[in-house]
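Each structure below is given as structure tokens.
One chain, subunit A, links the two complexes that follow: it is found with subunit B in the first and with subunit C in the second.
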Partner chain A sequence: MLQQKIAGLALAAAALGALAMPAAAQTVKIGFIDTYSGPFAQAGDELDKGVKLYIKEHEKDLPPGVKIELVTRDDTGPNPDVAKRVAQELITRDHVQLLAGEIASPNAAAIAPLTAEAKIPFVIMNAAGVNIPRISPYVVRVSFTLWQISLPMGQWAAKNGFKKAYVAVSDFIPGHDAEAAFTKGFTDNGGEIIGTTRIPLSQLDFTPILQRIKDAKPQAVFIFVPAGKYATAVMKAWADLGLKDAGIQLVTTQDVMLDEELPNMGDIPLGIVSAGNYSSAATRPQNKAFLSAWNQAYTEKAIPDMFSVGGWDGMAAIFDMIKATKGKFTPDEAMNFFKTWKNPESPRGPIAIDPETRDIIQNIYLRRVEKVDGRLANVEFETIPQVKDPWKELNPPK
Partner chain B sequence: MATEGLVRPRLKPAPRAPLAPQQAIDAFARRHRYRWWEALPWAAAIAAYVLFPSYLPLGAQILATILFALSADLVLGYAGIVTLGHAAFFGTGAYTAGILAVHGWGEPITGLLAGTAAAALIGFVSGWIVLRTTGLTLLMQTLVVATLLYEAANKASWLTGGDDGLQGMEVWPIFGQFRFDMFGRTGYLYCLAVLFLCWLFARHIVYSPFGRSLTGIRENVRRMHAIGAPVRRRRLIIYTIAAGLAGTAGALIAQTTGFVGLSFLNLERSGGVLIMLIIGGVGRLYGAFIGVPLYMIAQNRFSEIEPVYWYFWIGLLMVLVVVFARGGILGLSERLRQ
Partner chain C sequence: MSNTFAAFVSIGFHGLAFAMVLYLISVGLSVTMGMMGFVNLAHGVFAMLGGYVLTSLMSRMGVPFGLALIAAFLATALGSLILERLLYRRLYGGDELDQVLLTMGLIFMSVAAATYVWGPLQQPMHPPRWLSGQLDFGFRSFPGYRSFLILCGAGLVIGLWLGLERTRFGMKVRAAVDNLRMAQSVGINTSRLFALTFALGSGLAGLGGALGADLLAINPSYALDNLVYFLIVVAVGGLGSIRGPFIAAVLIGIADTGFKYLLPELGAFFIYALTMALLLWRPRGLFGRA
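Here is the complex of A and B:
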């Protein structure tokens, strides 16, 4: 306890120092919660880079006299108790005006009730759990939901000659969302699901499950696991068991076919089809500009992915709000701005926030892994324009 | 005091009897009395409440974790039962309180008692089996119990939320009056009060003849067998009590943070509490009060200052403690005093 006291005194001194600084007339404080440690740190890193790059490129566009201050905190991965405490501290101690970031859905779900209590707008840049914006009216999301991505995947598979499919997802909320959405899209268009498996998150060996799928002989298999080590492990088992040679088509979401992971996968993923809201291989001029800024800031080899673009667009929304209000806003004014925010110039194509649900409306792309200039890329071959989150239309608020 | 009356007359007639035994007797007679410095942790905790109102959510977690470490000290430090599965009881308490709160019973104090009782029950049943073994086998058995509970919680996702954790806990105000506020004031004082009561209880156990016999079991189990002490029963009793206290700690964290997840049951939790205890000092009752705040405040500060690479500094701290302060901070201060 003595140690606590000493550390505390040091803190108090630091806090006094901070108070003594003349507060700049318009400093907008943003609490940025991201994952920097644990198994999801790679995703957190991409998100962080997207956010920082946007700030670096656009800081000069802020109204004169207005500055932003990013207070960055680590939530250590899917640990809602840590995430919630960090958010609590950002609100009560650092007095942030906005919260932003968040990779993991359970964390965002734990933070959301706080934002309602404290009236702090919360710009979610990744966490895709479908019902999170319903928890608090101060949540707005610029990323995607698994429904938004998996439903078009199911529709495409059924319409393109696949009649029998197997579904394997990770056993947590995003996995359940992906399973339900793909199943709906697939069966509504005449497909048949011949088997479903939920894989515990603690399991990293996918060989037994993929063997079972191989034995079931479906025409297509839909797999959803979180990006990172899970996706890599799936691809390894996929190659080891030779499912591609057995004539089974893998359809999946962008999480498994992460752009920056593709170069590490050899030629195994060639031909895999996935649905997503962003591919770094997109040829839109806005994406070309984004890529060149990215490569300039983070070396030629660095590849942005859906996390980076989530951070980039999230900051774009925040910057636009600050510009519109000249840095002076109440929480409700900020939310009103976010609800009707549009950006036709995003690297992922035109995006807009749906005022009803505070979720994003965006193009969903079907992509196939192909070789472009000697390296693998998710090449977009079909666009489903301006998709709203289908779950919220199927499940209207009570 | 009875011993004083019995022993003193025998010593007095021998004028040349060295003073030392008398001092030892006095020390024994006095050892359970409160000393002035025992008030320090509580004074510091109250001072922290006044001085750092914006750190109360962290403070509440520290207080609850101190209780968890204190319960680990009872089994490891006093009874010498080496366990890597203490999180089993922490998680049981947390899930019990959490599941009650999700299903419409958010009264905190009964929830806390239910968590304690459930954890004590698990402690009794598992202890009845695993305490038949010793040493490495025991270590593995405790690990097995925690792993089984972890997988059970993972599988029963309809009840526990599985990997997503238990969301949507509604904890009612304490005594219907004091709401758990966002600044963490209620949570802090609630944890402080519970920790204080549990500490009184633990202190009472440690200084009782029962506690003495536990130390005897730790130091020389054969001799304790030889003098006819019911070794197994005593180990089981302290194991059950410590499990209950760990359950209380888990329930406290669940109620103050409004969340329970699988990480409450994992090996990292069991190992983490041992690390904090070892930093403070094992088998000294106050090791938890030093190690836990030190570790958690350091963790918090490092992750604020350097959110990306903060684990490095934690690692460095661990290395320094292991190299320069074996026996923990308390052990170090004892050595310095000698």
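Here is the complex of A and C:
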């Protein structure tokens, strides 16, 4: 209790300090919180690469005399305590003017209240928990929500000949979002859900549950688990149990079909359909340009994915704001800029921030795993233009 | 009706594969606990070591699966022998709390050491090509690697039982478990016997960890994450028993798989309920001695 009070006082003092003292000379300090250790370090690395690449490519475009300083912190994974502590330190000790980054939703949800107290704009570059922007008016998000992606997946499955589906998701908030959204999209279009399972996050052996799905004989199964070791374990059990040969279509989100994981999966994923906001195999000229900058900066081996593009676009929003204000802005001026920010030139297609929800409006793509130049890739075959987060439309603020 | 049957077969099959891994890892723990009265919570460290040896040899050096398995067994047996001579031996017959503290400390050191050497990520286990995919048994098909796991586990279990029943070494082990003082007075070198049994039990755990790397994923906190499973098998089976842990492993393996299959939302809750019920009914385990 006492500690919280002291922290609150410190924050209040910092907020006062920030108000009293105009933004320091012409250096914009950005607190960048990312995951560099623990099981999500791979995702954190992709995000980091996207952010650093944007800065490297565009630093010269900043207004004369304006510089940015990135203060980087590791939140060590889905670890709200650590995330909150580093955010507090960035605000009170380093006096950052903006916060950015964040892979895991629980962390972003823990940081959001601080941004409201201290009036620090927070550009979320990945964390997809659907209600996070509602926690604080200083949160803006450039990534996606699971509703935005899973609802179109359900609609597509029902409209393309699949009548009976099974749903299996990880038992945590993003999993519940994905389950509800897919189920709505699928049943609203005439599909029937024949079984739903929530898998505890502590369980890494997916064989029993995939065996159960195989025994239930659905036409399609929708699976959502976090990217990384969970997704790898699902694909392993998927292959071991031969669900594809049993005639079951896997539909999923981009988390399970990460572009940079595909090369490690052999031929197993061929034909799997997923919904997502970015595939590195996209043939848009903006993506081609992004890829060529990426391949120049990093080796051919590194493949950008949704995390990298989240970092890239988040930095684009911040740079545009700095350019528009010449590096001198109050928190509210920054937020007003972000709320109407648009970028027709993103590698993932045209994007815009919805002023009402401070969440992103973007194209959602349906992709199928195919072989392109001897390498597996998520090939986009259908575009659902300019999707708003459906959850916020279904659940207006009270 | 056929759906119920399919579910039944699925649970039995996957449960048995899990049971084999549990048994191979836990049997050594049961024997060392029964024989030396030593509470070795760090037993899972040996299983983890076996898993790391196998995955590193296979993925980094391209060693064939069979050779890597043998290496996993030998490396853990040897490693445990060194630890036994250096550390464990000093606390034989000592206070149980001291033993728990020592072995808990070893677990934490193993977490840090594994993170240092292999990093925080889970080690991928790729079974050889001839074992991956499906095996068609006519009426239905089963995953190849798990079928192999069941056969291989059964073979090892039979070998182990025959060895303990029919060889001179097995006779000495049984004698020492039954009555340590009497065994010593008829001239059995129990210190050497302890060391050998410890190494054999740990080697089996290493083998179990390696074979089961597919089910119990190899990562630095392995010994801590799975400690409860190993202890349950030993407690339910009964200390010092060879067969007890087998029955317990089959029971736990099938029950755990069954609940993961039918009611995954409840996680591992039922395993603990089952364990409590069994222990209330038989406090010394199914085959424990009074």
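The rule is simple: the second predicted complex is superposed on the first by the 374 of 398 C-alpha atoms of A that agree within 3 Å, B and C clash if a C-alpha of one lies under 4 Å from a C-alpha of the other, contacts with A are read in each partner's own complex, and residues count from 1 in each chain.
Simple rule for what comes next: a contact is a pair of C-beta atoms (placed from the backbone, for glycine too) under 8 Å apart; a residue touches a chain by one contact, two chains touch by 3 or more.
Just so you know, these numbers come straight off a predicted model, no measurement behind them.
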item	value
First, second, both or neither for A:F172, with subunit B first and subunit C second	first
First, second, both or neither for A:S37, with subunit B first and subunit C second	both
Partner chain in contact with A:D215 - subunit B first, subunit C second, else both or neither	second
Touched partner set for A:P106, first subunit B, second subunit C, both or neither	first
Touching partner for A:K164 - first (subunit B), second (subunit C), both, neither	neither
First (subunit B), second (subunit C), both or neither touched by A:T197	second
Subunit A residues touched by each partner, larger count belonging to subunit B or subunit C	B
Those residues of subunit A which subunit B touches in one complex and subunit C touches in the other	37, 171, 200, 202
Residue numbers on subunit A that touch subunit B, as the complex places them	1-5, 7-8, 11-12, 34, 36-37, 72-74, 76, 78-81, 84-85, 88-89, 91-93, 105-106, 109-110, 113-114, 117-118, 170-173, 200-202
In the complex with subunit C, residue positions of subunit A that touch it	37-39, 41-42, 171, 197-200, 202-205, 207-209, 211-212, 215-216, 229, 232-233, 236, 239-242, 245
Subunit A-facing residues of subunit B, complex	40-41, 44-45, 47-48, 51-52, 54-55, 57-58, 61-62, 154, 157, 162-165, 167, 182-184, 253, 257-259, 261, 263, 289-290, 293-294, 297-298, 301, 303-304, 307-308, 310-311, 329
Partner subunit A, residues of subunit C touching it in the complex	3, 6-7, 10-11, 14, 120-122, 124, 132-134, 141, 143-146, 214-217, 257, 260-262, 264-265, 267-268
